[in-house]
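You will see two complexes here that share subunit A, one where it goes with subunit B and one where it goes with subunit C.
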Partner chain A sequence: MGNVVIKTLKYSIGASSYDTVGSKAMQVKKALRDYFPSKDYMRRLGVCVFEAEANMAIHTTSGGELSIVIYTNRVKVVAVDSGPGIRDIDKALTPGFTTAPEMALQLGFGGGVGLNNIKRFADCFWLESTKCGTTLIFEVWNDDIT
Partner chain B sequence: MKIKDICSILKAELLQDKGRIDVDIRTAFAADLMSDTLFIIMRDEDPLLLITGVTNLSVVRTAAILDIPAVMIIRGKQVAEEALELAKQNEILILRTNYIMFEACGLLYKAGIKAVSWEM
Partner chain C sequence: MMTLRNLIDHLELVPLTKNIDMNTSFFNAYASDLLSNALAVIDPNTLWITVQVHGNILGVGSIKQCPAIIISEGSIPSQEVIDKANEKDIQLLASQLPTFELSGLLYALLKEEQCG
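And then the complex of A and B:
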């Protein structure tokens, strides 16, 4: 039952689209409210999508694609971009380490906690990055639904 | 603590009043980095006030994702009309005080508002 895909949502995130950061996360939250009534679950998922969206807007050269796959008991998020890639993943996962430009910081983003935050809230976390691009996959499970 | 009492303590004005106007605020978090705000571990039973000098759309989106019912803008900063409109759509109260962050936090802490659970 848990492996049944209910719906898939796809979003394009533009490079340097600082002014729209968080808008896709809000759309996801609204679209999924009827499937997952738990507010705690939707907060965890919302924060993870928000951070993935912010990372693409701040750090990519050509933007990327965000896929949200909704199962009956969990949501899988796949974030794919075409570069420039994360030079040192261990550093990128260290809270406070940031390579964000000044513009992002002025808007309140790029504090160096995004990936770490996703890892903290997600139940599965997978990250691969080369200079050709980055693929981030994570799942947030709703344990109230079996 | 009721919103009207918070407004009284911080001599604040209510810029956007559509939302949970009778909410009983128990905890607060203060930051100008929304990235740090997304680290909050929010509990439904402890409604939160976000205190910030950020006034763009991102602060409203952050509040919406975290189910934060009220945002206190500090240092008397101007809030864009589109941010207030987005707050209205999402029923997030927007307040504004002329106090700096340090004083705003100190006054609310002294009045009994506690720090929200937060860990890196």
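And then the complex of A and C:
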């Protein structure tokens, strides 16, 4: 039952599209309202999607693709971009480490905790990166629905 | 529990959006200009104090169902951001005070409220 896909949403995120960061998280929230009524669940998912879209807007050379796969009991998010990649994943996962450009810092991005937020609020977290690009996958489970 | 009415009276906050519900209640607040920090901490009972005035703060506030965002240090968002906040039903208030002073006063109010 839990493995039934209800719907898949796909979004493109442009490089340096700072001003629209958060818009995909809001769209996902709207699209899921009927399936996942728990507000606490939507807050957890929303934080994770926001952080994923922010990283693609801020840290990639040519943007990326965000896929949101909605199952009956959870949502799986796959964020894929084509570079420049994360040189040292351990460092990237260290709270406070950032390579965000000045422009992003001024807007309040670049605290260096976005990936940690995803790790904290998601139930599964998978990150792989080479110079050809980065793939981030995470799932947020709705424990009310099994 | 504290309400926006108490807060506006005591701290001379200026409502920026039309949608202010004076009975909105909260019992905590968080001050940070880093979006990811705010995303981690704010929630439906926790106000957010920031000097950031760009549109991304609305996404952060909306995702975490923040009861209201207080813009400190006399920063004022553009009309476009204010309109969007009305649309998304995010309550925006402004203060001339620096974040440190505003936070100190609000902290004292919340403590007084808790301890009677």
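FYI, the second predicted complex is superposed on the first by the 146 of 146 C-alpha atoms of A that agree within 3 Å, B and C clash if a C-alpha of one lies under 4 Å from a C-alpha of the other, contacts with A are read in each partner's own complex, and residues count from 1 in each chain.
Criterion: contacts are C-beta pairs under 8 Å (C-beta built on N, C-alpha and C of every residue); 3 or more make two chains touch, one makes a residue touch a chain.
Quantities reported herein were computed from a predicted structural model and do not represent experimental measurements.
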First, second, both or neither for A:G2, with subunit B first and subunit C second
neither
After lining up the shared chain so the two structures overlap, which partner does A:E51 touch, if you call subunit B first and subunit C second: first, second, both or neither?
both
Which superposed partner A:P37 touches (first subunit B, second subunit C, both, neither)
neither
Examine A:P101 and indicate which partner it touches, taking first as subunit B and second as subunit C; both and neither are also allowed.
neither
Counting contacts the way the document defines them, which residues of subunit A are shared by the two interfaces, the one with subunit B and the one with subunit C?
19, 21-23, 25-26, 29, 39, 43, 46-47, 50-51, 54, 107-114, 117
Which subunit B residues qualify as touching subunit A in the complex?
32-39, 42, 44, 52, 54, 56-59, 61-62, 64-67, 90, 120
Provide the residue numbers of subunit A that touch subunit B in the complex, in ascending order.
19, 21-23, 25-26, 29, 39-40, 43, 46-47, 50-51, 54, 95, 105, 107-114, 116-117
Any idea which subunit A residues touch subunit C in the complex?
18-19, 21-23, 25-26, 29, 39, 43, 46-47, 50-51, 54, 107-114, 117, 120
Residues of subunit C touching subunit A in the complex:
33-37, 39-40, 43-44, 50, 52, 54-60, 62-65, 88
